[in-house]
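First chain A sits with chain B, and in the next complex the same chain sits with chain C.
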Partner chain A sequence: MDPYYVQQLAIGLSLGMIYALMAIGFTLIFGVLNVVNFAHGEVYSIGAFAGLLLITAFGPPLLAVFLLVLAVGAATGFGLERLAFRPFRRFSDEASLKSRAMREATLMSSLALSIFTREAMELVFGSEFQTVPLDYLINEPIALGPVTIVTGDIIIFVAAAVMLGGLQYLLTRTATGRAIRAVSNNPLGAKYVGINTNRTIVLTFVIGSMMGALAGIMVGLYYGAIFPAMGFTPAVKAFVAMVMGGLSSIPGAVICALIIGVSESLATTFVSSVWADMVAYSFLLLTLVLFPQGLFGKGRDRV
Partner chain B sequence: MTAALLEIEEATRRFGGLVAVNEVSTHVAEGELVGLIGPNGAGKTTLFNLISGFTPLTSGRVRYRGRDITGLKSHQIGRLGIARTFQNLRVFPNMSVFDNVSVGATGAVGLPFFRAVAGGRRRSDAISRRSLAALERVGLVAQADDLAANLAYGKRKYLEIARALAMHPDLLILDEPAAGLNESETAELAAFIRSLRDEGLTVMLVEHDMALVMSICERVVVLASGQKIADAPPDAVRRDPAVLEAYLGVDE
Partner chain C sequence: MSETDTVTDRPASAPKARARARLLQGGILLLLFALLPAVLVWFDRGYFYQLAMLALIFVLLAGSLHLVTGVAGLLHLGHAAFYGVGAYIAGLLAADHGIGFTIGLPLAGLGAAAIAFLVALPTMRLVSIYFAVATLAIGQMLFLVMQNWVAVTKGPNGVILFGGIDLFGLEIGSRLGIYYVVAVVVAVSIWVIHRLTDSYYGNALRSLREDDQCAGAMGLDTVRLKMEAFTIASFFAGIAGALWAYTTGYISPVDFDFFESILILAMVVVGGLGSLPGAILGALLLILLPEVLRDVGDVRNMLVGLVMFLSILFLPKGLFGEVPALALMRRHFDAAWPGAGERRVGWRG
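Right, the complex of A and B next:
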């Protein structure tokens, strides 16, 4: 096989991992609340800007940047839930937890918060690309035999794999994870067995936003392009991955995110980069037409 | 007289103009098996929801072991030792039978977040033991690894009871446990509830199945249109004219 294609495959995988990190945020929140968080793309931009500010102010090692971005992501998720979601959950019975009115209200409130945040960032930083100090760009080429990839591909892949592995461990092996799964299975039942559902919901926002923020800074340093609207495209791709994966299936979303990433990268290679964005949308259309439950959806078992 | 475990004082709940529960006062003594009956729409489930903190009271108080629990959140009430099951089952369908029960065991312990994440072998062993014991009690150990959604309906009822038992409650509230069960299953359930009582658990039972309530409960509280119309041993309730009227619609 031509090494060039292997290279594109590697790039596609790291791109897919970014989408996967983003898709987790959508999926977790959809699981517990049955709502789509439209402000998720801004979490990504906030992560990138937080990292950039830290880099320009102190120039710490890369790992410290990532850790701070994770903390900022956690705080963002916490605030997001407070501002855009909590106010519409005054009644905690199951009917309002999963009601349409509540869902539509938070669609609006999260969209409003997203627009507000993006505009505020543009006001402060301007809408153009920020320059990233060259030392921090993660695009050193690495030659693996005939294939050349960059450090960023490896860093993204490893960091995302660690995060996803950690999440899987959390969800399946710990009491906290069982609580999250219990709330997404049946919020009211979970409440009565002593689970603090509100805290669990906040936790899903915190986890999802940590992953989103980390994805933002990694992409920012990979391409050297950090700007307030940068979160839009990956959020759309991640949203498609969530829908393809069956809305609340985490493994499904991750697999579909990787499929989208690799297909985009291959589309860039074989057709042109202009067509790459079409890939995700075509997948979305095909999924909705052919597999309305998503590729990994479990049908309507969550009434 | 044994100490009252649960005291309800003039509990009232209005939904707009409808008074679902109207100044109902009663109590449950430690170790008692109390039935709560009434025609459809009498306010039985609402009263349960008031006790378990799901619906806030409009007025009145609920006391548990002498402590005022009015206004506490339902997960807090759950941790105090009041466990309940639901009329329409609320098991976690996409989790294994064992995980369902261990959520109950964990929730009751109320792990602080970081310890919950870190796990802690000793603590999680305790949770596993508790969960297994509860499954054993209802006879579902063999199905521990099955998905809850794959259990037969009757078994899911027992799973829900096991989940409640894993919380080590002092008061178990069962909301229509016999609904949808056939005669032999109901008899089995009656024996099971009795055995729980015999082990010292206090049980409160809402049930449509009069025969079941009359055969196992020591005392029966009857609600009609949100009001308590009787609170007596089964035999007395059976003869009570107010109860007969509520159930049979006798003209005045």
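Right, the complex of A and C next:
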């Protein structure tokens, strides 16, 4: 195989990894609440900006930056849940839980909040790219046979693997994870058996947003591009990956994120980079129409 | 004989309510066709004409989205793309083929409706969030086509139209003339949407919103109803797009991006889902408020997000909540069985 194509494949895989980072948190929140969190993209940009502000102010080691970003992500997730989701859980009877209007109210409130946040950040920081100090960029090239990858690829791969593994451990092996799964399965039932559903939901938002914020700063340092609207495209791609993967399957979402990344990279190679976004949207429509269960999903009422 | 008597013999409230509605309609028409033009002529500034026409176009967009999202309850996140399709059809016909307003306007509507119909064929079976996501994808795909199919749409450079509006060979170049054309088209379209939704047909669409499985079980063809609502709404979005192209003389893809869809959705949500006057008020509010606040800075988009968020939180029914859908049914009950309308059939008399 031509090394050029292998290189493109590697680029696609690293792109897919970035989408996967985003998709993990996204899918976790969807799995529990059954609502789409449109503000996940903004959590991602908030993470990136928090990291950038810390770097320009103090210049601490990279690990400290990541830790702070995790804390900021947790706070953002907590606030997001409070503002956009909690007010719509006032009614916990079965009819309200199933009501479409209630579910779509949170969809629209998170959408409205995300627009507000993004525009406020543009007002404060301006819409152009921020300058990232060069020594923090994680793009030192590493030659791997015919293919060249950068340090960021490894960091992002490790982060994605740790997140995925940690989350699987949390969900399947701990009491907290069991509570999260119970709430996701049946919120009312979970409440009846004594699970603190509100706390579980907040916890899910905190975990999901920590991952989103971490993904933001890592990708920001990987590309050296941090700007207020940076979250929109990865959020849409992560969303597509989630739908393709069957909505509540986190490993499925990760695999689909990789598929999307590789397909986009191939589309860039063979067609043109401007049409690469078309790939994800086509995948989304094809999945919705042809595989309503998603590629890795279990049975679920969707049509 | 006696039967016809009972039909005409209605409670006193029905004619009174109708007289009030007549008065309101007359007032709106007077405002639209006499007072507002008078004010525009008085100030005689291009900016005010532009603003008035922009507000009218968004009233039509919000009204058309009201049909899909408010009445039929389908969350549509790609409405601006169909608006863009209409604008591009009108703009390209005028710029490349010299086809003017008379043919361009209906073609823009029909073109948008045709694309909506094709798109609707596979996706209309999806419900709630899956539908929303599918419309988001469709909107983005159409946007990508507008932006990147440079050979036809001229890409990000946009399309420039020359000349005024030609109406059956009559050249309308003055700002006031163009305003009147826009006002007539928007008023007629809003009237059509109103008649469509304040009817048994509209109530069928409302039943989809409340419970589409139940509506299906009662014998309504839910998929077909959804497709019709979606196609008709896209037709009016296309008309609005054509008006936008003719009045500004320049169109580019950024006018039809995802944010524009959200803006239209915010208008419908802020005004009150399911209420046409609400959608119109929401459109006026979200177009005019940022203009009033221009001195504060470029806060339009932020304001849209904030107003939408606060209204979802504090005004779940919107500025001007839905007029009881059952008012119409009650009127017909009145006609058939006198006094039935006195008993409360719906909520909120």
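The rule we apply is simple: the second predicted complex is superposed on the first by the 296 of 303 C-alpha atoms of A that agree within 3 Å, B and C clash if a C-alpha of one lies under 4 Å from a C-alpha of the other, contacts with A are read in each partner's own complex, and residues count from 1 in each chain.
As a convention for this text, a residue touches a chain if its C-beta (ideal position, glycine included) is under 8 Å from a C-beta of that chain, and two chains touch if they have at least 3 such contacts.
The structure displayed is predicted, hence computed values, not measured ones.
Novice: Regarding the shared-chain residue A:V236, is it in contact with chain B (first), chain C (second), both, or neither?
Specialist: A:V236 sits against chain C, while chain B stays out of touch.
Novice: Just to be sure I read the superposition right, which of the two partners does A:L288 touch: chain B = first, chain C = second, or both, or neither?
Specialist: second
Novice: By the touch definition at the top of the document, which applies to A:Y192: first (chain B), second (chain C), both, or neither?
Specialist: Only chain B; A:Y192 stays clear of chain C.
Novice: Quick check on the superposed pair: does A:W275 touch chain B, chain C, both, or neither? Answer first, second, both or neither.
Specialist: It touches chain C, and chain B stays clear.
Novice: Applying the document's definition of touch, where does A:L113 land relative to chain B and chain C: first, second, both, or neither?
Specialist: So A:L113 only meets chain C here.
Novice: Return first, second, both or neither, reflecting whether A:R90 touches chain B, chain C, both chains, or no partner chain.
Specialist: Neither partner.
Novice: Which chain makes contact with more of the residues of chain A, chain B or else chain C?
Specialist: C
Novice: In the superposed view, which residues of chain A touch chain B and also chain C?
Specialist: 302.
Novice: Please output the residues of chain A touching chain B within their complex, sorted ascending.
Specialist: For this pair, the touching residues of chain A are 93, 170, 173-176, 178-179, 181-182, 185-186, 188-197, 199, 203, 298, 301-302.
Novice: What part of chain A is in contact with chain C in the complex they form?
Specialist: The contact residues of chain A facing chain C are 35-36, 84, 87, 100, 103-105, 107-109, 111-120, 123, 232, 236, 239-240, 243, 272, 274-275, 277-278, 281-282, 284-285, 288-289, 292, 302-303.
Novice: For chain C, which residues are in contact with chain A within the complex?
Specialist: The contact residues of chain C facing chain A are 73, 75, 122-123, 125-130, 132-134, 136-138, 140-141, 144, 147-148, 209, 258-259, 262, 265-266, 269, 297-299, 301-302, 304-306, 308-309, 312-313, 316.
Novice: Please name which positions on chain B make contact with chain A in the complex.
Specialist: 52, 54-55, 73-75, 78-79, 83-84, 86, 90-95, 99-100, 102-104, 106-108, 110-111, 113, 116-119, 124, 127, 149, 163-164, 167
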